[in-house]
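Alright, structures below, take your time with them.
Each of the two complexes below includes chain A, the first together with chain B, the second together with chain C.
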Partner chain A sequence: MPLLDVQGLTTRFAMRGETVHAVEDVSFVLEEGEVLGVVGESGSGKSVMASSLLRLLPMPPAQIAAGQALLQTESGPLDLLQLSEREIRRVRGREIGMIFQDPMTSLNPYLRLSTQLTEGLRRHYGLSKRAAIEQAIEALERVGISDAAKRIHSHPHEFSGGMRQRVMIAMMLLLQPRLLIADEPTTALDVTVQRQILDQLGALCRDARTAVLLITHDLGVVAQRCHRVMVMYAGQVMEIGPSQVICEAPRHPYTQALLRARPSASLRGQPLYALPGNPPDLREPPVGDPLLLRPGVTGGDRWRTERPPLEQVGAGHWVRASEAVLPAWEEVRDA
Partner chain B sequence: MPEQVPPTEKLPPPGRSYWGDAWSRLARNRLALISLWVLVGITLFCVVGPWLRGYGFNDQDYARVFADPSGAFPFGTDDLGRDQMVRIMVGGRVSLGIGLTATAVTLIIGVLYGAVAGYAGGRLGALMMRLVDVLYAMPFTIFVIMLLTFFGRNMWLLFVAIGAVEWLTMARMVYGQVRSLKERDFVLAARMLGQPWYRIVWRHLLPNVLGVIVVYATLTVPSVILLESFLSFLGLGVQAPRPSWGSLIKFGADQMTTSPHLLIIPALFFSVTLFCLNFLGDGLRDALDPQSRRD
Partner chain C sequence: MGRYLLKRLLQAVVVWWATITIAFVMLKLTPGDPFSTERALSPQVLAQLEAHYGLDQPAWVQYLRYFEGLFHGDFGPSYTSTRSVNEILGQTLPVSLELGAWALLVALAIGLGAGTAAALKHNRWPDYTVMSFAMLGICLPTFVLGPIFQLLFGVQWRLLPVSGWFAADHRILPAITLGLVYGAIIARVTRGGMLEVLSQDFLKTARAKGLPPMEILLRHTLRGGLLPTVSYLGPAIAGIVSGSFVIETIFQIPGLGRQFVQAALNRDLTLVLGTVTVYATLITLANLLVDLAVAWLDPRVRSHHA
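Let's turn to the complex of A and B:
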């Protein structure tokens, strides 16, 4: 039994009579201790998908129109999408943790770390304040904050961005979740700090056998740190499979475009390949291959009016059928 | 933002509460501290004074009308020969009492209502704020007259009535603040730790709004004191012969050309109180913000 089994997750936003189809029929599984990368452009539905699992979206306007998400817990499988508000609160933090993109706003500036770090422990595990503080100090030390016993009593503004992200990681891992959702955890940090934080996060999760859903723009991160990767576009899964396979031999044209947009040392001095235009307007759900709506992309009529299916192309490797042809590099450069 | 706290900086002793911290920061603000003591002094003067003074606030003596300040009557006497000092003391009880009670009512209702509406957002929040708009549109005097005629004339009721009107602005302000704060990730983080909504509002959002609340509250006190004197003028507030600072100032203004002390002294008490409240509010705003701690 996988730790998390998501089937047909569909999330929509009802806005002024219009419906935004943010996540369409997303399915994937996540095993215990596995790191799954989720990549895609901004607006491709990655974050909405993750927030849907924890039901953090404001409802209305958001609504989870279909799907199920079975999470294995000590008391048997739970369908996250069916739980009551009170039940999902017990899952949040305890079973699934989440860290966010911007560490500058993810800690409350008015509360000491000691308060923020111990809240979850006291709520979920019923620890005394003293015991909770002791555990919190240990957690801070594990993420590499020196002099934690003293600094746990400081306020967030006394820490730099990288330090705050470590505090966030400590705060979420303290509750020993089975799954950690990291929504672009290092986007707001500079490159050297990014690396340290990802190393630390990876090591801690490996030790605790915590599964990680790593949402990122950075394909380098995916290749190095994820077991598997899921590529999303227009709220749909384009390709999912072992990250090494996908990074070396991407099958879907969209994945290929993403990989070609990566800077690399061998292409020094050359402009990067970037698909012109933006992801499609999801107020009208793309009926066919969503990539065909992108300017410059050409291709056959096979998937113009019918949604292409996901096809298995290798061990654990699925690709959405597509006949889209990416614009040539010269065309993109001149655009 | 310093990466490392320099080892020389003294970290606060562990386990000190938010309020303990705020107090130590306030204690370092000299102007705010002086204001606090002046306010305590004025309050004691008004509360304890009448018992020590030996005159009642309505003891009339036509042999000494409009007396200038002297040893026996440091603040002089009024048109009926009443001791102006004891009248200022008793008037202060009313004005300070109304300022504090009505502001407390404003705080409790306005802050809770605004915070809940802001956090709920969506349709419920909008509905709650439309109710505030409706009440806003209601003429204030009619509302107070209604309250006072239904429930009888009573000083405490008057305090509550004023508070019940003043909370609207506070609710709007807190609503706006909470709505913008609730989009910040730390609220999401608190939800991710499994916190229920009421704890998020109370522990995470309100401390962030506290600075604004305190400043607005210190501005509410004087406006409430003025409101009381306006109501007294209409015959709805405190009734003659009971004085309040507002009515004393109004009376003094009429006698300005002949007995200026009847205006100057109560006005002095009133304005010193307001100044002190403003300085104190400013100091509190800084003290309540942990990020302002630098020296």
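Let's turn to the complex of A and C:
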């Protein structure tokens, strides 16, 4: 049994009579201790998909229209999407932790770290204040915060962005979740600290056998740190499979475009490849292959009016059928 | 925090001193004195009176003497009453303070409750209701609201006394009339502050930790959400204290505000100055306390000034 089995997750937003189809029929599994990367452009539905699992979206306007998300727990499998408010609260933090993009705003500026680090422990594990503080200090030390016994009593503004994200990681791992959702955890940070934070996050989760759902738009991150990768576009899964395979031999044209858009030393001095245009407007979701709506994309007429299915192309490697042809690099450069 | 306290304390003293000095200068520049009545006094009597009250001395001597008196807790004699300014203040200040305290209580009870409810039900009917009533409350001046309440509750339905300051039920109408405007403003300020915090990412973090809604509201939301309200309490207290003279006049309450107006009309300089001094003290003190409360609530303010 996988740790998490998501089938057909569909999330919509009802806004002023219009419906935004943010996540459309997303399915994947996650094994214990596995790191799954989720990549895609902004607006591809990565974050909404992750927040749907913990039911952190404001409802209304958000609405989980379909799907099931089975999580293995000590007391058997739970469907996250069917739990009551009370039951999902016992999953949040305790079974599934989550860290967010911007550490400057995700910690409460009015409260001491000691309060913010211990409240989860006290709620989920019923620890005394003293025992909770002790564990929190150890957790801060594990993420490399020196003098933690003293600094646990300071406020978030006394820490740099990188340090705050370490605090967030410590705060969530402290609750020993089986799964950690990291929603672009280093996007808001300096490039120099991004790597350190990701290394640390990876090492800590490996030691604790915590599975990670790592949301990112940086394919470089995925290649090195994820066992598998899921590529999302227009709220749908385009390709999912072992990260090494996908990074070396991407099958879906969108994955190929993402990989070509990466800066690399061998292309020094040349302009980067960029897919023209923007992701489709999800108020009117594409009926066929969503890639065909991008300007410059040609061919693929077979999937103009019918959604292409996911097809297995290798061991654990699935690709959504698409016959779209990306614009040539020369065309993009001259545009 | 210690340095911030000292700095704010010094500022408060300067503001307090400047207010009294400006009032003194203005009063000295105002034509007329308490003895210029319709029936002219003989020059000898006038000279004697002026000598008795020290008004024959140069203005700066009078100014220094006034402060000398203040430091001994002596506000000087009243020019138009047989009682000293100390006695008059001693009788009227407690009345005004009590009225102000009730009014503030009314304002906070209405404002905090309605403002928080409006923020939590943002863009739904409780929000619209609260905001409409708040706008009405802000637009209606107390000198309109007071007589309306007197007519309805005092005359029409005979539920409450129309005026006076004797029993507990005499407190109700004046306190509500005075507090309502501030309640309306506090409701708006509280709603704004709460909405600001409710949109913050750190609440999502708190939810992701599995905290229940009540704990999130009490621990994570209220502190930041109420900061603007706490900041507004300084001006609110100043407004309630200095605005009470309208209420005291409408409801015939023997408070400091009414005394102040009468003293000004009588050109009773020491009494006016004494009242200004008391007001200045109350308002600077209230603002000082509010600033310290804000610094205590918001750690960023604390370290910014450290």
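Here are some notes:
Here is the rule we use: the second predicted complex is superposed on the first by the 335 of 335 C-alpha atoms of A that agree within 3 Å, B and C clash if a C-alpha of one lies under 4 Å from a C-alpha of the other, contacts with A are read in each partner's own complex, and residues count from 1 in each chain.
Simple rule for what comes next: a contact is a pair of C-beta atoms (placed from the backbone, for glycine too) under 8 Å apart; a residue touches a chain by one contact, two chains touch by 3 or more.
Not measured: the values here are computed from a predicted model.
Annotation for the three-chain superposition on chain A: chain B and chain C clash. Using the contact criterion defined above for the overlaid structures, shared-chain residue A:I197 touches neither chain B nor chain C, since it reaches no partner.
After overlaying the two complexes on the shared chain, residue contacts for A:S160 are found with chain B alone; chain C is out of touch. If you count the residues of chain A touched by chain B and by chain C, you find the higher number for B. Of the two partner chains placed around the shared chain by superposition, neither chain B nor chain C is touched by A:L4. Of the two partner chains placed around the shared chain by superposition, neither chain B nor chain C is touched by A:A234.
Once the two complexes are laid over each other on the shared chain, residue contacts for A:L175 go to chain B and to chain C alike. Residue contacts after overlaying the shared chain place A:K150 against chain B, while chain C stays out of touching range.
Once the two complexes are laid over each other on the shared chain, residue contacts for A:V221 go to neither chain B nor chain C.
Judged by the touch definition given at the top, the superposed model places A:S106 against both chain B and chain C.
Clashing C-alpha atoms with chain B appear in a single stretch of chain C, chosen from 23-31, 41-49, 59-67 or 167-175: 167-175.
Taken together, the two complexes place residues 54, 56, 89-94, 97-98, 100, 102, 105-112, 115, 119-120, 123-124, 155, 157-158, 168, 171-172, 175 of chain A in contact with chain B and also with chain C.
By the touch rule above, chain C contacts chain A in their complex via residues 200-202, 204-212, 215, 219-220, 223-224, 297-300, 303. Listing the residues of chain B that touch chain A in their complex gives 1-3, 5, 11-16, 18, 121-122, 184-186, 188-196, 203-204, 207-208, 210, 289-291. On chain A, the positions that touch chain C within their shared complex are 54, 56, 89-94, 97-98, 100, 102, 105-112, 115, 119-120, 123-124, 155, 157-158, 168, 171-172, 175. Those residues of chain A whose C-beta lies close enough to touch chain B in the complex are 54, 56, 58, 60, 89-94, 97-98, 100-102, 105-112, 114-116, 119-120, 123-124, 150-155, 157-161, 163, 168, 171-172, 175.
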